[in-house]
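Handing you this structure, nothing more for now.
Note that the chains are named A, B, C and D in the order they appear, and that numbering of residues resets to 1 at the start of each chain.
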(Lines give C-alpha, C1' and ligand atoms only; values in the text may rest on other atoms or scores of the structure.)
Protein backbone atom coordinates (compact mmCIF):
# COMPACT_ATOMS: atom_id res chain seq x y z
CA UNK A 1 0.00 0.00 0.00
CA UNK A 2 1.41 3.39 -0.96
CA UNK A 3 1.59 6.09 1.68
CA UNK A 4 -0.28 9.17 0.61
CA UNK A 5 1.31 12.52 1.19
CA UNK A 6 0.42 14.12 4.55
CA UNK A 7 -2.70 16.25 4.62
CA UNK A 8 -3.89 18.68 7.23
CA UNK A 9 -7.26 17.60 8.61
CA UNK A 10 -9.66 18.41 11.42
CA UNK A 11 -11.31 15.73 13.52
CA UNK A 12 -14.30 16.08 15.82
CA UNK A 13 -14.96 13.57 18.58
CA UNK A 14 -18.36 12.96 20.13
CA UNK A 15 -19.75 10.96 23.03
CA UNK A 16 -17.61 7.97 23.92
CA UNK A 17 -14.85 8.95 21.50
CA UNK A 18 -14.69 12.43 22.99
CA UNK A 19 -14.29 10.98 26.43
CA UNK A 20 -11.70 8.41 25.35
CA UNK A 21 -9.61 10.92 23.39
CA UNK A 22 -10.01 13.53 26.10
CA UNK A 23 -10.85 16.25 23.58
CA UNK A 24 -13.75 17.35 21.41
CA UNK A 25 -11.51 17.66 18.40
CA UNK A 26 -8.04 18.07 17.07
CA UNK A 27 -6.18 19.24 14.00
CA UNK A 28 -3.60 16.85 12.70
CA UNK A 29 -1.43 16.02 9.74
CA UNK A 30 -2.01 12.49 8.48
CA UNK A 31 -0.62 10.30 5.75
CA UNK A 32 -3.42 7.72 6.13
CA UNK A 33 -4.72 6.90 2.65
CA UNK A 34 -8.28 6.11 3.74
CA UNK A 35 -10.71 7.02 6.50
CA UNK A 36 -10.48 3.45 7.72
CA UNK A 37 -6.76 3.72 8.26
CA UNK A 38 -7.08 7.07 9.96
CA UNK A 39 -9.60 5.57 12.38
CA UNK A 40 -7.43 2.52 13.04
CA UNK A 41 -4.51 4.79 13.94
CA UNK A 42 -6.60 6.84 16.34
CA UNK A 43 -8.30 3.76 17.75
CA UNK A 44 -4.86 2.39 18.65
CA UNK A 45 -3.70 5.76 20.00
CA UNK A 46 -6.71 6.45 22.25
CA UNK A 47 -7.97 2.93 22.91
CA UNK A 48 -11.39 3.41 21.26
CA UNK A 49 -13.31 0.24 22.13
CA UNK A 50 -15.33 0.15 18.89
CA UNK A 51 -14.39 -1.52 15.58
CA UNK A 52 -14.85 0.76 12.60
CA UNK A 53 -17.60 -1.57 11.29
CA UNK A 54 -19.76 -0.33 14.14
CA UNK A 55 -19.26 3.32 13.26
CA UNK A 56 -20.15 5.57 10.38
CA UNK A 57 -17.95 8.38 9.20
CA UNK A 58 -18.63 11.80 7.70
CA UNK A 59 -16.37 14.25 5.91
CA UNK A 60 -17.41 17.88 5.57
CA UNK A 61 -20.92 17.06 6.85
CA UNK A 62 -21.53 14.25 4.35
CA UNK A 63 -21.56 10.57 5.22
CA UNK A 64 -18.70 8.74 3.53
CA UNK A 65 -17.42 5.24 2.93
CA UNK A 66 -14.58 3.98 5.10
CA UNK A 67 -12.57 3.34 1.93
CA UNK A 68 -12.83 6.94 0.78
CA UNK A 69 -9.60 8.88 0.70
CA UNK A 70 -8.94 11.93 2.84
CA UNK A 71 -8.99 15.27 1.08
CA UNK A 72 -6.75 17.99 2.40
CA UNK A 73 -8.60 20.21 4.86
CA UNK A 74 -11.20 17.51 5.57
CA UNK A 75 -13.46 17.91 8.62
CA UNK A 76 -13.83 14.34 9.79
CA UNK A 77 -16.47 13.06 12.21
CA UNK A 78 -16.48 9.49 13.48
CA UNK A 79 -20.01 8.43 14.36
CA UNK A 80 -20.35 5.78 17.06
CA UNK A 81 -23.62 3.79 17.18
CA UNK A 82 -26.34 6.40 17.57
CA UNK A 83 -29.03 6.41 20.25
CA UNK A 84 -31.24 9.39 19.61
CA UNK A 85 -34.97 9.40 20.12
CA UNK B 1 -97.16 -13.17 12.18
CA UNK B 2 -98.77 -12.82 15.59
CA UNK B 3 -99.28 -9.36 17.02
CA UNK B 4 -97.59 -9.01 20.38
CA UNK B 5 -99.49 -7.26 23.13
CA UNK B 6 -98.88 -3.48 23.32
CA UNK B 7 -95.93 -2.33 25.38
CA UNK B 8 -95.05 1.10 26.62
CA UNK B 9 -91.66 2.19 25.25
CA UNK B 10 -89.47 5.26 25.00
CA UNK B 11 -87.72 6.23 21.76
CA UNK B 12 -84.87 8.70 21.30
CA UNK B 13 -84.16 10.29 17.93
CA UNK B 14 -80.79 11.72 16.91
CA UNK B 15 -79.40 13.66 14.01
CA UNK B 16 -81.37 13.15 10.80
CA UNK B 17 -84.06 11.11 12.54
CA UNK B 18 -84.55 13.84 15.12
CA UNK B 19 -85.00 16.40 12.38
CA UNK B 20 -87.35 14.19 10.33
CA UNK B 21 -89.51 13.24 13.31
CA UNK B 22 -89.45 16.78 14.64
CA UNK B 23 -88.72 15.60 18.16
CA UNK B 24 -85.80 14.28 20.18
CA UNK B 25 -87.90 11.46 21.57
CA UNK B 26 -91.32 10.16 22.31
CA UNK B 27 -93.13 7.69 24.51
CA UNK B 28 -95.47 5.35 22.72
CA UNK B 29 -97.43 2.15 23.07
CA UNK B 30 -96.52 -0.35 20.36
CA UNK B 31 -97.61 -3.81 19.38
CA UNK B 32 -94.65 -4.28 17.00
CA UNK B 33 -93.13 -7.71 17.72
CA UNK B 34 -89.58 -6.76 16.73
CA UNK B 35 -87.36 -3.67 16.58
CA UNK B 36 -87.37 -4.00 12.80
CA UNK B 37 -91.12 -3.68 12.65
CA UNK B 38 -91.10 -0.77 15.06
CA UNK B 39 -88.61 1.04 12.84
CA UNK B 40 -90.59 0.28 9.67
CA UNK B 41 -93.70 1.79 11.24
CA UNK B 42 -91.87 4.94 12.27
CA UNK B 43 -90.04 5.15 8.94
CA UNK B 44 -93.42 5.17 7.18
CA UNK B 45 -94.87 7.66 9.67
CA UNK B 46 -92.01 10.21 9.54
CA UNK B 47 -90.51 9.51 6.11
CA UNK B 48 -87.09 8.44 7.39
CA UNK B 49 -84.97 8.12 4.22
CA UNK B 50 -82.79 5.26 5.55
CA UNK B 51 -83.46 1.51 5.30
CA UNK B 52 -83.04 -0.29 8.60
CA UNK B 53 -80.07 -2.21 7.13
CA UNK B 54 -78.13 1.05 7.23
CA UNK B 55 -78.87 1.67 10.91
CA UNK B 56 -78.02 -0.01 14.16
CA UNK B 57 -80.36 -0.15 17.10
CA UNK B 58 -79.85 -0.10 20.85
CA UNK B 59 -82.20 -0.93 23.70
CA UNK B 60 -81.44 0.27 27.21
CA UNK B 61 -77.92 1.35 26.12
CA UNK B 62 -76.99 -2.01 24.59
CA UNK B 63 -76.72 -2.64 20.87
CA UNK B 64 -79.35 -5.15 19.74
CA UNK B 65 -80.36 -7.16 16.72
CA UNK B 66 -83.23 -5.89 14.55
CA UNK B 67 -85.00 -9.17 15.14
CA UNK B 68 -84.96 -8.80 18.91
CA UNK B 69 -88.31 -8.33 20.55
CA UNK B 70 -89.31 -5.21 22.43
CA UNK B 71 -89.43 -5.51 26.22
CA UNK B 72 -91.94 -3.39 28.05
CA UNK B 73 -90.36 -0.12 29.19
CA UNK B 74 -87.59 -0.32 26.56
CA UNK B 75 -85.52 2.78 25.85
CA UNK B 76 -84.93 2.46 22.11
CA UNK B 77 -82.30 4.36 20.09
CA UNK B 78 -82.10 4.12 16.32
CA UNK B 79 -78.54 4.76 15.17
CA UNK B 80 -78.13 6.20 11.68
CA UNK B 81 -74.72 5.76 9.97
CA UNK B 82 -72.21 7.36 12.33
CA UNK B 83 -69.67 10.00 11.39
CA UNK B 84 -67.64 10.77 14.49
CA UNK B 85 -63.93 11.53 14.47
CA UNK C 1 -60.83 7.08 29.72
CA UNK C 2 -63.37 8.32 27.19
CA UNK C 3 -65.24 11.59 27.53
CA UNK C 4 -67.47 13.86 25.51
CA UNK C 5 -66.69 17.57 25.65
CA UNK C 6 -68.91 20.58 24.94
CA UNK C 7 -65.98 22.99 25.30
CA UNK C 8 -62.73 23.21 23.27
CA UNK C 9 -60.35 20.33 23.90
CA UNK C 10 -57.26 21.31 25.90
CA UNK C 11 -54.63 19.04 24.44
CA UNK C 12 -51.82 20.04 26.85
CA UNK C 13 -53.90 19.21 29.90
CA UNK C 14 -54.98 15.88 28.48
CA UNK C 15 -51.49 14.97 27.41
CA UNK C 16 -49.99 15.96 30.78
CA UNK C 17 -52.48 13.67 32.51
CA UNK C 18 -50.94 10.73 30.64
CA UNK C 19 -47.41 11.39 31.87
CA UNK C 20 -45.78 8.72 33.99
CA UNK C 21 -42.22 7.67 34.74
CA UNK C 22 -42.50 4.33 32.96
CA UNK C 23 -43.85 5.77 29.74
CA UNK C 24 -41.27 6.08 26.98
CA UNK C 25 -43.54 7.01 24.10
CA UNK C 26 -46.72 8.92 23.63
CA UNK C 27 -48.64 8.92 20.36
CA UNK C 28 -51.50 11.32 19.95
CA UNK C 29 -54.07 11.84 17.25
CA UNK C 30 -55.95 15.07 16.73
CA UNK C 31 -58.82 15.25 14.28
CA UNK C 32 -59.32 18.81 13.10
CA UNK C 33 -62.28 20.39 11.33
CA UNK C 34 -61.29 20.94 7.70
CA UNK C 35 -62.57 23.73 5.50
CA UNK C 36 -63.39 21.34 2.67
CA UNK C 37 -65.03 17.93 2.56
CA UNK C 38 -65.78 15.97 -0.58
CA UNK C 39 -65.00 19.06 -2.59
CA UNK C 40 -67.51 21.30 -0.78
CA UNK C 41 -66.46 24.37 1.23
CA UNK C 42 -67.37 23.83 4.88
CA UNK C 43 -68.25 26.73 7.18
CA UNK C 44 -68.73 24.87 10.43
CA UNK C 45 -69.56 21.48 11.88
CA UNK C 46 -72.08 20.21 14.34
CA UNK C 47 -71.58 16.99 16.28
CA UNK C 48 -74.46 15.28 18.01
CA UNK C 49 -74.08 12.17 20.17
CA UNK C 50 -76.25 9.63 21.85
CA UNK C 51 -74.31 10.44 24.98
CA UNK C 52 -75.00 7.47 27.25
CA UNK C 53 -74.24 4.99 24.48
CA UNK C 54 -71.24 6.93 23.14
CA UNK C 55 -69.59 7.08 26.54
CA UNK C 56 -70.13 3.36 27.05
CA UNK C 57 -68.87 2.42 23.58
CA UNK C 58 -65.91 4.79 23.84
CA UNK C 59 -64.86 3.22 27.14
CA UNK C 60 -65.18 -0.22 25.55
CA UNK C 61 -62.90 0.78 22.65
CA UNK C 62 -60.26 2.13 25.05
CA UNK C 63 -60.42 -1.05 27.07
CA UNK C 64 -60.02 -3.21 23.97
CA UNK C 65 -56.91 -1.22 23.03
CA UNK C 66 -55.49 -1.74 26.49
CA UNK C 67 -56.11 -5.49 26.28
CA UNK C 68 -54.65 -5.89 22.78
CA UNK C 69 -51.52 -3.76 23.10
CA UNK C 70 -48.94 -3.17 25.82
CA UNK C 71 -50.03 0.32 26.63
CA UNK C 72 -49.76 2.20 29.90
CA UNK C 73 -52.52 4.78 29.45
CA UNK C 74 -55.05 5.46 26.71
CA UNK C 75 -57.50 8.29 26.60
CA UNK C 76 -59.94 9.87 24.17
CA UNK C 77 -62.10 12.98 24.08
CA UNK C 78 -64.70 13.76 21.43
CA UNK C 79 -66.27 17.18 21.00
CA UNK C 80 -70.00 17.68 20.58
CA UNK C 81 -71.85 20.83 19.57
CA UNK C 82 -70.81 23.48 17.05
CA UNK C 83 -67.18 23.55 15.89
CA UNK C 84 -65.34 26.09 13.76
CA UNK C 85 -62.78 25.28 11.08
CA UNK C 86 -59.46 24.28 12.64
CA UNK C 87 -60.95 23.19 15.97
CA UNK C 88 -60.01 19.85 17.41
CA UNK C 89 -62.97 17.48 17.09
CA UNK C 90 -61.34 14.44 18.63
CA UNK C 91 -58.18 13.72 20.56
CA UNK C 92 -56.66 10.31 21.26
CA UNK C 93 -53.54 9.88 23.39
CA UNK C 94 -51.73 6.65 24.18
CA UNK C 95 -48.61 6.05 26.26
CA UNK C 96 -46.50 2.92 26.34
CA UNK C 97 -43.03 1.82 27.30
CA UNK C 98 -42.18 1.54 23.63
CA UNK C 99 -43.51 3.17 20.50
CA UNK C 100 -44.78 0.09 18.65
CA UNK C 101 -47.60 -0.50 21.11
CA UNK C 102 -48.41 3.21 21.32
CA UNK C 103 -48.71 3.59 17.53
CA UNK C 104 -50.81 0.43 17.19
CA UNK C 105 -53.16 1.26 20.04
CA UNK C 106 -53.68 4.84 18.91
CA UNK C 107 -54.48 3.65 15.43
CA UNK C 108 -56.88 1.04 16.76
CA UNK C 109 -58.78 3.55 18.85
CA UNK C 110 -59.10 6.07 16.02
CA UNK C 111 -60.26 3.45 13.53
CA UNK C 112 -62.80 1.97 15.90
CA UNK C 113 -64.27 5.22 17.14
CA UNK C 114 -64.95 6.37 13.60
CA UNK C 115 -67.12 3.35 12.88
CA UNK C 116 -68.59 2.57 16.28
CA UNK C 117 -69.31 5.72 18.30
CA UNK C 118 -72.93 6.89 18.01
CA UNK C 119 -71.90 10.40 17.00
CA UNK C 120 -73.16 12.26 13.98
CA UNK C 121 -71.65 15.11 12.04
CA UNK C 122 -73.69 17.78 10.31
CA UNK C 123 -71.74 19.85 7.85
CA UNK C 124 -72.74 23.47 7.32
CA UNK C 125 -71.53 24.50 3.88
CA UNK C 126 -70.42 27.89 2.67
CA UNK C 127 -73.42 27.98 0.28
CA UNK C 128 -75.82 27.82 3.25
CA UNK C 129 -76.85 24.20 2.83
CA UNK C 130 -76.38 21.50 5.47
CA UNK C 131 -76.01 17.73 5.45
CA UNK C 132 -75.82 14.92 7.97
CA UNK C 133 -72.73 13.09 6.71
CA UNK C 134 -73.32 9.49 5.51
CA UNK C 135 -77.05 9.87 6.00
CA UNK C 136 -78.16 10.54 2.46
CA UNK C 137 -81.34 8.70 1.48
CA UNK C 138 -80.86 5.11 0.35
CA UNK C 139 -81.31 6.13 -3.29
CA UNK C 140 -78.61 8.82 -3.15
CA UNK C 141 -76.27 6.53 -1.21
CA UNK C 142 -76.73 3.87 -3.90
CA UNK C 143 -76.13 6.35 -6.69
CA UNK C 144 -72.87 7.41 -5.04
CA UNK C 145 -71.76 3.77 -4.99
CA UNK C 146 -72.31 3.30 -8.73
CA UNK D 1 -38.47 21.36 9.78
CA UNK D 2 -35.93 19.72 12.05
CA UNK D 3 -34.33 21.46 15.01
CA UNK D 4 -32.18 20.67 18.02
CA UNK D 5 -33.24 22.23 21.30
CA UNK D 6 -31.24 22.94 24.46
CA UNK D 7 -34.34 23.99 26.37
CA UNK D 8 -37.49 21.99 27.21
CA UNK D 9 -39.67 21.25 24.20
CA UNK D 10 -42.91 23.24 24.16
CA UNK D 11 -45.29 20.80 22.53
CA UNK D 12 -48.28 23.17 22.35
CA UNK D 13 -46.32 25.81 20.47
CA UNK D 14 -44.90 23.26 18.04
CA UNK D 15 -48.25 21.66 17.46
CA UNK D 16 -49.99 25.01 16.95
CA UNK D 17 -47.44 25.88 14.29
CA UNK D 18 -48.65 22.89 12.27
CA UNK D 19 -52.28 24.01 12.21
CA UNK D 20 -53.81 24.77 8.84
CA UNK D 21 -57.33 24.78 7.39
CA UNK D 22 -56.70 21.84 5.06
CA UNK D 23 -55.29 19.56 7.74
CA UNK D 24 -57.77 16.98 8.99
CA UNK D 25 -55.42 14.88 11.12
CA UNK D 26 -52.37 15.45 13.23
CA UNK D 27 -50.31 12.60 14.61
CA UNK D 28 -47.62 13.38 17.10
CA UNK D 29 -44.97 11.31 18.80
CA UNK D 30 -43.31 12.27 22.05
CA UNK D 31 -40.35 10.32 23.34
CA UNK D 32 -40.06 10.69 27.11
CA UNK D 33 -37.15 9.92 29.41
CA UNK D 34 -38.01 6.73 31.29
CA UNK D 35 -36.85 5.92 34.80
CA UNK D 36 -35.70 2.45 33.79
CA UNK D 37 -33.81 1.12 30.80
CA UNK D 38 -32.77 -2.47 30.29
CA UNK D 39 -33.69 -3.17 33.90
CA UNK D 40 -31.46 -0.42 35.33
CA UNK D 41 -32.81 2.55 37.29
CA UNK D 42 -32.04 5.75 35.38
CA UNK D 43 -31.50 9.06 37.16
CA UNK D 44 -31.03 11.35 34.20
CA UNK D 45 -30.03 11.40 30.56
CA UNK D 46 -27.55 13.33 28.53
CA UNK D 47 -27.90 13.80 24.77
CA UNK D 48 -24.99 14.92 22.66
CA UNK D 49 -25.22 15.62 18.92
CA UNK D 50 -22.95 16.32 16.04
CA UNK D 51 -25.09 19.35 15.43
CA UNK D 52 -24.29 20.30 11.84
CA UNK D 53 -24.73 16.75 10.64
CA UNK D 54 -27.80 16.04 12.80
CA UNK D 55 -29.61 19.10 11.50
CA UNK D 56 -28.82 18.13 7.92
CA UNK D 57 -29.82 14.50 8.38
CA UNK D 58 -32.96 15.45 10.31
CA UNK D 59 -34.06 17.75 7.49
CA UNK D 60 -33.40 14.96 5.00
CA UNK D 61 -35.61 12.53 6.95
CA UNK D 62 -38.45 15.07 7.10
CA UNK D 63 -38.15 15.66 3.38
CA UNK D 64 -38.22 11.94 2.63
CA UNK D 65 -41.42 11.62 4.69
CA UNK D 66 -42.97 14.49 2.74
CA UNK D 67 -42.06 12.85 -0.57
CA UNK D 68 -43.31 9.38 0.41
CA UNK D 69 -46.60 10.27 2.06
CA UNK D 70 -49.36 12.80 1.38
CA UNK D 71 -48.57 15.02 4.30
CA UNK D 72 -49.15 18.76 4.69
CA UNK D 73 -46.57 19.56 7.36
CA UNK D 74 -43.98 17.52 9.22
CA UNK D 75 -41.74 18.72 11.97
CA UNK D 76 -39.31 17.31 14.52
CA UNK D 77 -37.40 18.62 17.50
CA UNK D 78 -34.73 16.69 19.41
CA UNK D 79 -33.42 17.78 22.79
CA UNK D 80 -29.72 17.88 23.61
CA UNK D 81 -28.05 18.33 26.98
CA UNK D 82 -29.17 17.00 30.35
CA UNK D 83 -32.73 15.71 30.71
CA UNK D 84 -34.65 14.64 33.80
CA UNK D 85 -37.02 11.67 34.00
CA UNK D 86 -40.31 12.45 32.28
CA UNK D 87 -38.92 15.17 30.04
CA UNK D 88 -39.68 15.10 26.34
CA UNK D 89 -36.52 14.09 24.47
CA UNK D 90 -37.99 14.15 20.99
CA UNK D 91 -41.18 15.38 19.39
CA UNK D 92 -42.46 14.57 15.92
CA UNK D 93 -45.63 16.11 14.52
CA UNK D 94 -47.24 15.43 11.16
CA UNK D 95 -50.40 16.85 9.63
CA UNK D 96 -52.26 15.52 6.62
CA UNK D 97 -55.68 15.70 5.07
CA UNK D 98 -56.34 12.16 6.23
CA UNK D 99 -54.99 10.04 9.05
CA UNK D 100 -53.39 7.23 7.03
CA UNK D 101 -50.67 9.46 5.66
CA UNK D 102 -50.13 11.19 8.99
CA UNK D 103 -49.69 7.90 10.87
CA UNK D 104 -47.34 6.49 8.23
CA UNK D 105 -45.20 9.60 7.96
CA UNK D 106 -44.90 10.03 11.72
CA UNK D 107 -43.85 6.42 12.06
CA UNK D 108 -41.32 6.78 9.26
CA UNK D 109 -39.73 9.85 10.81
CA UNK D 110 -39.46 8.29 14.27
CA UNK D 111 -37.99 5.05 12.93
CA UNK D 112 -35.46 6.82 10.75
CA UNK D 113 -34.31 9.36 13.30
CA UNK D 114 -33.55 6.61 15.79
CA UNK D 115 -31.11 4.91 13.44
CA UNK D 116 -29.77 7.84 11.44
CA UNK D 117 -29.41 10.99 13.54
CA UNK D 118 -25.87 11.47 14.91
CA UNK D 119 -27.11 11.86 18.47
CA UNK D 120 -25.84 9.92 21.45
CA UNK D 121 -27.47 9.16 24.76
CA UNK D 122 -25.55 8.80 28.00
CA UNK D 123 -27.53 7.21 30.77
CA UNK D 124 -26.79 8.24 34.35
CA UNK D 125 -27.90 5.42 36.61
CA UNK D 126 -29.20 5.57 40.14
CA UNK D 127 -26.13 3.64 41.31
CA UNK D 128 -23.86 6.46 40.10
CA UNK D 129 -22.52 4.72 36.99
CA UNK D 130 -22.92 6.05 33.46
CA UNK D 131 -23.02 4.49 30.00
CA UNK D 132 -23.12 5.67 26.41
CA UNK D 133 -26.00 3.57 25.09
CA UNK D 134 -25.09 1.09 22.31
CA UNK D 135 -21.41 1.97 22.66
CA UNK D 136 -20.20 -0.96 24.72
CA UNK D 137 -16.84 -2.33 23.60
CA UNK D 138 -17.05 -4.81 20.73
CA UNK D 139 -16.50 -7.70 23.14
CA UNK D 140 -19.38 -6.71 25.42
CA UNK D 141 -21.64 -6.01 22.44
CA UNK D 142 -20.88 -9.49 21.09
CA UNK D 143 -21.52 -11.11 24.45
CA UNK D 144 -24.92 -9.42 24.62
CA UNK D 145 -25.76 -10.91 21.22
CA UNK D 146 -24.98 -14.49 22.31
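In this text, contacts are C-beta pairs under 8 Å (C-beta built on N, C-alpha and C of every residue); 3 or more make two chains touch, one makes a residue touch a chain.
All of these numbers come straight from a predicted model, not from anything done at the bench.
Within the contact network of the assembly, the step distance from subunit A to subunit C comes to 2. Annotation of subunit B and subunit D: jointly contacted by C, touch as defined at the top.
A straight line joining the Cα centres of subunit A and subunit D is 26 Å long.
With centres set at the average Cα position, the gap from subunit A to subunit B is 75 Å.
With touch defined as above, residues shared between interfaces to two or more other chains in subunit C number as follows: 31, 110. On subunit D, the positions that touch subunit A within their shared complex are 31, 47-50, 52-54, 56, 78, 89-90, 110, 113-122, 132-138, 141.
Residues of subunit C touching subunit D in their complex: 11-12, 15, 19-32, 34-36, 85-86, 95, 97, 99, 102-103, 106-107, 110. Of all residues in subunit B, those touching subunit C in their complex are 12, 14-16, 18-19, 49-51, 54, 56, 58, 61, 77, 79-85.
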